[in-house]
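After this come two complexes, each holding subunit A, first together with subunit B and then together with subunit C.
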Partner chain A sequence: MTDMPRQITLQEWDQQYEQLQKAGLYQPDYGGLLSRHIEDGDTRLSKLRYDNSAAALRLWNFLLTEEERLHKARAEGKKLVGTMKDLGTIPVMAYSLDNLVAFYPDGAWWIPCVMELNTPLLRIADTLGIDESFCPVRAMLGAFLTGAHFPIPDLLTCSVGATCDDFSAIAQRLNGLGYPILWWEIPHRRCPEPDEPMVMLPGGFLAPKSQVEFVESELNRLKTALEDLAGRRLDDRKLSAGIKKANLVRSYLAELRQLVFTAPLCPMPALEMLIAEMLAIHFCSDQNETIIVLQGLLEEVKSRVRAGVGFLSPDAARIFWVNPVADLQVMNLLEDCGGRICGTEYLFTHALDTIPQNLPPIEALAQMALADPMAGSSIDRASRICTDIRTFGAEALLISRIPGASHCALEGQVIGEIVQDQLDIPVVEIEVPPLTGSIRPKLCTRLEALVEIVKKRREK
Partner chain B sequence: MKTIIYTCPYVPAEWIASHGLRPSRIMPAALCSTGPLAQIEGLCPFVHSFINEVVTDKSACGVVVTTLCDQMRRAFDILVRRCDLPAFLMNVPHTWQSLAAQKMYVDELKRLSRFLLRLGGKPLSNDTLTRTMLEYDAARASILDARGYLSARQYAEAIAAFGRDGPAKTLNKEVSTQPLITGVPLAIVGGPLVTADLDIFDIVEQSGGRIVLDATETGERGLCAPFDRRRIHDNPLVELANAYFNGIPDASRRPNSELYKWLKRGLLDRAVRGIIFRRYVWCDTWHAELRRLKDWIDLPVLDIDVGGDSQAHQHRAPNRIHSFLETLQ
Partner chain C sequence: MICAGIDAGSRTIKIVLMTAETQEVIAKGLADQGVKQDKLTSGLFQKLLKNSALDKKDIGRIVATGYGRNAVSIADTTITEITCHAVGVRHLVPDAMTVIDIGGEDSKLMRLDKAGKVRDFAMNDRCAAGTGRFLEVVARRLGVSISSLGQMAAKSRSPAPISSMCVVFAETEIIGLLASGVAREDIIAGVQSAIAARVTSLAGRNIDLPVVFTGGVALVSGMDTALQSALGQTVTVSPDPQMTGALGAAILSAEQITHY
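Here is the complex of A and B:
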């Protein structure tokens, strides 16, 4: 354990960094002062509060150096695959070939937040007719056009079908601007009919076998494209090894989530946990390093739990959080308001569940893709949320709407009603734009009210 | 006869009718700002109106919803929770170039068939399907042939009536004996219209224009391709699937290049001089096409965005259309 757990500012991190250095902190090649990223324009960092462990430092530095890593990979002759939308499937395939590196251009949705709108990305999207009525992921268009935030990938894939319209429309706009896209389909996951052969997917959803077979056929198309790009075969042996490695990442995350969400004292703040979970979807462009980063976090959390130390008050309201936030600062805000995260559903639970290793690898990946919570109904999604709320003992549900996202208009109502019916816990829905400064008082009021309700209910 | 309601153009009416049921394509009377489902920020007004129309429907015995757009896909979740009407969600693939996508569409039709049987539909026979397809095909052809002899509104109403009532009542309006060729030729492009929107066609005519290409989802663009009579007899289901799945260009397809090919042909053939781009607020699929269309075509484009408040739209649209046409005359 590095130190007594504390949340510190970026400025305090510089002092903490010096102390860690003196104590012999090992730094990977991307390591260094966190504050240096401000020079890249990541000004939001100065307004966040961070965990003070060396493990968290490594996590943040890893996250904030992805662009350099992608350029380095290209310079080394590796091919880059931009995997849009599927959140967890194609990267597993791409990383099974050692000369491919996959990343999510969708990740650009956080740039307006991290750079506090000091980039022209949203303005560029505006000029392309993709205005603020779309999800903040529209920043991706600007990132492609400027080439300033990630290198243009050698192959661009995008899953469509049971996905949100805003992303699909933005991807089509990109395609219309001359960026070739390999489209592939994930159908809406439906309930199997009586007597229809069915499969239980990772995570527990059921799907007709025919839908799994359909996705398998789509993934085989993708496999061929990846093989063509890599100039080598992606056989079952390599894919199985890739799945095994992805499962290692998932197992660390599962353990981390279980420990953090259920410990009597919160051992790792919500913000670092959000970043850690995001690593599962594409390994932040370095799968091996992801494993090391997560190992570090897990060790830190284990030692804190063993020592009975952590953050926040022991009576912090235990909140289950649905959907990722466009403004990272809101994760700090929840804690300021007396809450802690005890369970999450950030749109990619399928990237956290173990991929079956006892099946042909493409079939296993097809099952995983179809287990995407967004591919099925909001009713299915609510049922998974209920299960996870019970597992982690959350006392309230917070649904965070993403501005302009097509799924947010109707899903909140369905999920909220089902959770209330089944679990009788309070549900609050908020909307989080990329920068929440102007609505911070309103958000505070909503979050504080939720915390208060939770605490009042404990008195009954 | 039991009625099955739907709105998506990729639901083949012939398929429902061949089960001895009455297909009826819903075109809500107007955009509703009230109803059983309250207005929700971010919800497409058409989806909202569709949900309220279905929830309050007293005549149908089932509803078919598709995955053509994300909000409609999610509307299904609302319907199954709020409404007793049996509902079916049909997967319409967004990709269309692979055999697997086409096969999925056919498989979904077969699954729809089982749903229809559960609602009391008759088992399907190839003979019935063939006969129904020929009947619908002839009706569609007669509407398309009459285009030049009807006012733009009458033409749009004929297509809507065909969707609502089937081929029997097609073209019950008086058709002119002379071609109607007056006015600046315009196209209207976008998603589905509601009945109240048909006023746009009148407004255009009153302003000196004429809609010669109805490229809305409820217009000519939403009609499937003509059937190949030889292939109908070989395998009616495959021909039906081909005419619908491959014959209706839409902004939601990936890629949606076929929409632009279709538009290019239509705009050229009908010497269109301007485009009314009509879209719903929160319909990302069509909204994203607006600037692309403007960049793609060397024609003036009037963007009419419609929120949930029909009245505000009705007050604003005529002036804008009038001004647009003034610049074209």
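Here is the complex of A and C:
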């Protein structure tokens, strides 16, 4: 364990960094002071509070150096694959070939979130007709046009069909600007007909076998494209090894989630857990390093749990959080208001489940892709949320909406009603725009009220 | 021991003083909100103390609520208006299951359980169309006082359809309606219906009865019937609706005194 767990500011991290260095802190090549990342305008970082462990430092440095890593990979002659609207399937395939690096261009939606008003990405999207009525992921258009963030990928893939309408429009606009995209279709997951052959997907949902076979055919098409790009064959042996490695990431995350969400004292803040969970879908452009970063976090959490130390009050309200936020400060805010995260559903729960290793690899990946919560009904999504709320013992559900994000704008009410019917716990919806400064008091009221409700319910 | 509840709302500050043991209200007061929120609150508090022949040291605990709760320096602690309104309303209407609170700058709907605890809530604070602010805008535009809105609306024979989506656009609609000769009474009734429609959308599909209406806007006559019409259910106006947040805060401060 690095130190007694504390949440510290960016400035305090500089002092903490010096102390850790004196104590012999090992730093990877992307390590260093966290404050250096605000030099390019990441002003939001200076407003966050961070976990004070060396493991968290490594996590943040890993996250904030992804662009450098991608440029380095290109310089080394590796091929870059931008896997758009894919939450955890194509990167597993791409990383099975050692000269490919996959990344998630959609992740550019966080750039304006952390850089606040210092980036023109959203303004560029505005000029392309993709205005604020669309999901903040539209920032990706600006990132492509300026080339100021990630290198333009050698291959762009994007799923269509049962995916977010907003993103489909944004990706089509990108395509129209001259960026070729290899589209692949993910069908809306439906319940099998009574006599129809069916498959139990990872996560427990049923799907018609024909749908799995269709996705397999799509993934085979993508496999060929990846092979062409890499100039190498992606055989079952390599794919199986890739799946095994992805499962290692998922198993670390599963253990981390279980420990953090159920420990009597919260051993890792909500913010760092959000960042860690995101690694499951994109590996932050380095799958091997992802494993090391997660191992470090897991060790830190285990030692904190063993020592019985952590953050927040032991009576913090146990909140299950649905959907990622567009402003990272809100994760700090929940804790300021007396809550702690005990369970999450950030729209990629399937990417946290183990990929079957007893199936032909493409079939296993097809099953995973079809298990995506966004590919099925809101009722399915709510059902999984109920299961996880029970697992982690959450006392309330908080549904966070992102303005303009159509994949979650209408689901909140459905999820809320089902959770209330099945579990009888309070449900509250909030809307988190990319810049929450002006609505912070209103968000506080909602979060504090939810915490008050939870605590009142504990009274007999 | 005497305790106090302060509701620092967006338009007005409300204070209730109560005996902790019997939960009997011994004084209450109201003042307009302003820029210097803390000073205005302290001023009202001192005035109430003086009128009640009390001193600050007689007050055992102060709970602040409302949008400006964190600016109240004399408060010992803060509790959200969601909890305070629920407690205040339940004190006055013991069988209330749903509370609708429409204030100056927001509106909320709280669902209670049988024990009176809040089960969940929904809030509208992104748009003035479901708040008292809409009534202020229409009163100004029509050149009438807010207190006369209810009486005028009662004379309406055909409420004008008005957008409930945005106050700014609705104001433009009102200008157009006036230009086309629509009676002011019909415009006011239309605005009341628009506010009610906006607020009732917070209820979702299920609403538990009885429904109690509170907050400053509940004092505007006709708003309760507009809500009834939009909900299709009976709506009861809470006694002393503007004070329920402060009352709830006072009750909770009394409970805290007893608890500690």
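Following the convention adopted for this analysis, the second predicted complex is superposed on the first by the 460 of 460 C-alpha atoms of A that agree within 3 Å, B and C clash if a C-alpha of one lies under 4 Å from a C-alpha of the other, contacts with A are read in each partner's own complex, and residues count from 1 in each chain.
Going forward, a contact is a pair of C-beta atoms (placed from the backbone, for glycine too) under 8 Å apart; a residue touches a chain by one contact, two chains touch by 3 or more.
Keep in mind it's a predicted model, so treat the numbers as computed, not measured.
Engineer: Let me test your reading of the model: by the given contact rule, A:Met200 touches which partner, first (subunit B), second (subunit C), both or neither?
Structural biologist: A:Met200 contacts neither subunit B nor subunit C.
Engineer: Now for A:Arg457: first (subunit B), second (subunit C), both, or neither, which partner does it touch?
Structural biologist: A:Arg457 contacts subunit C only, not subunit B.
Engineer: For A:Ser210 in the superposed arrangement: first (subunit B), second (subunit C), both or neither?
Structural biologist: A:Ser210: touches subunit B, not subunit C.
Engineer: After superposition on the shared chain, which partner residues are touched by A:Ala241: those of subunit B (first), subunit C (second), both, or neither?
Structural biologist: Neither partner.
Engineer: Report for A:Ser378: first if it touches subunit B alone, second if subunit C alone, otherwise both or neither.
Structural biologist: In the superposed model, A:Ser378 contacts subunit B only, not subunit C.
Engineer: I'd like to know which partner A:Glu417 touches here: subunit B for first, subunit C for second, both or neither.
Structural biologist: So A:Glu417 meets both subunit B and subunit C here.
Engineer: Which partner does A:Pro441 reach: the first (subunit B), the second (subunit C), both, or neither?
Structural biologist: The second partner, subunit C, only.
Engineer: Mind sorting out which residues of subunit A both subunit B and subunit C touch, each in its own complex?
Structural biologist: 413, 417
Engineer: Which stretch or stretches of subunit A touch subunit C in the complex?
Structural biologist: Of all residues in subunit A, those touching subunit C are 413, 417, 420, 426-429, 431, 439, 441-442, 445-446, 448-449, 452-453, 456-457.
Engineer: Can you check the complex and tell me which residues of subunit B touch subunit A?
Structural biologist: Touching subunit A from subunit B are residues 40-44, 67, 69-71, 73-78, 80-81, 89, 91, 93-95, 98, 100-101, 104, 107, 111, 114, 251-252, 254-256, 281-285, 287-292, 294.
Engineer: Within their complex, state which residues of subunit C touch subunit A.
Structural biologist: 67, 70, 79-83, 106, 117-123, 125-126, 204-205
Engineer: For subunit A, which residues count as touching subunit B in their complex?
Structural biologist: Residues 128-130, 133-134, 158, 160-166, 168-173, 175-176, 181, 183-185, 187-188, 190, 193, 210, 214, 217-218, 221, 377-379, 401, 404-411, 413-414, 417.
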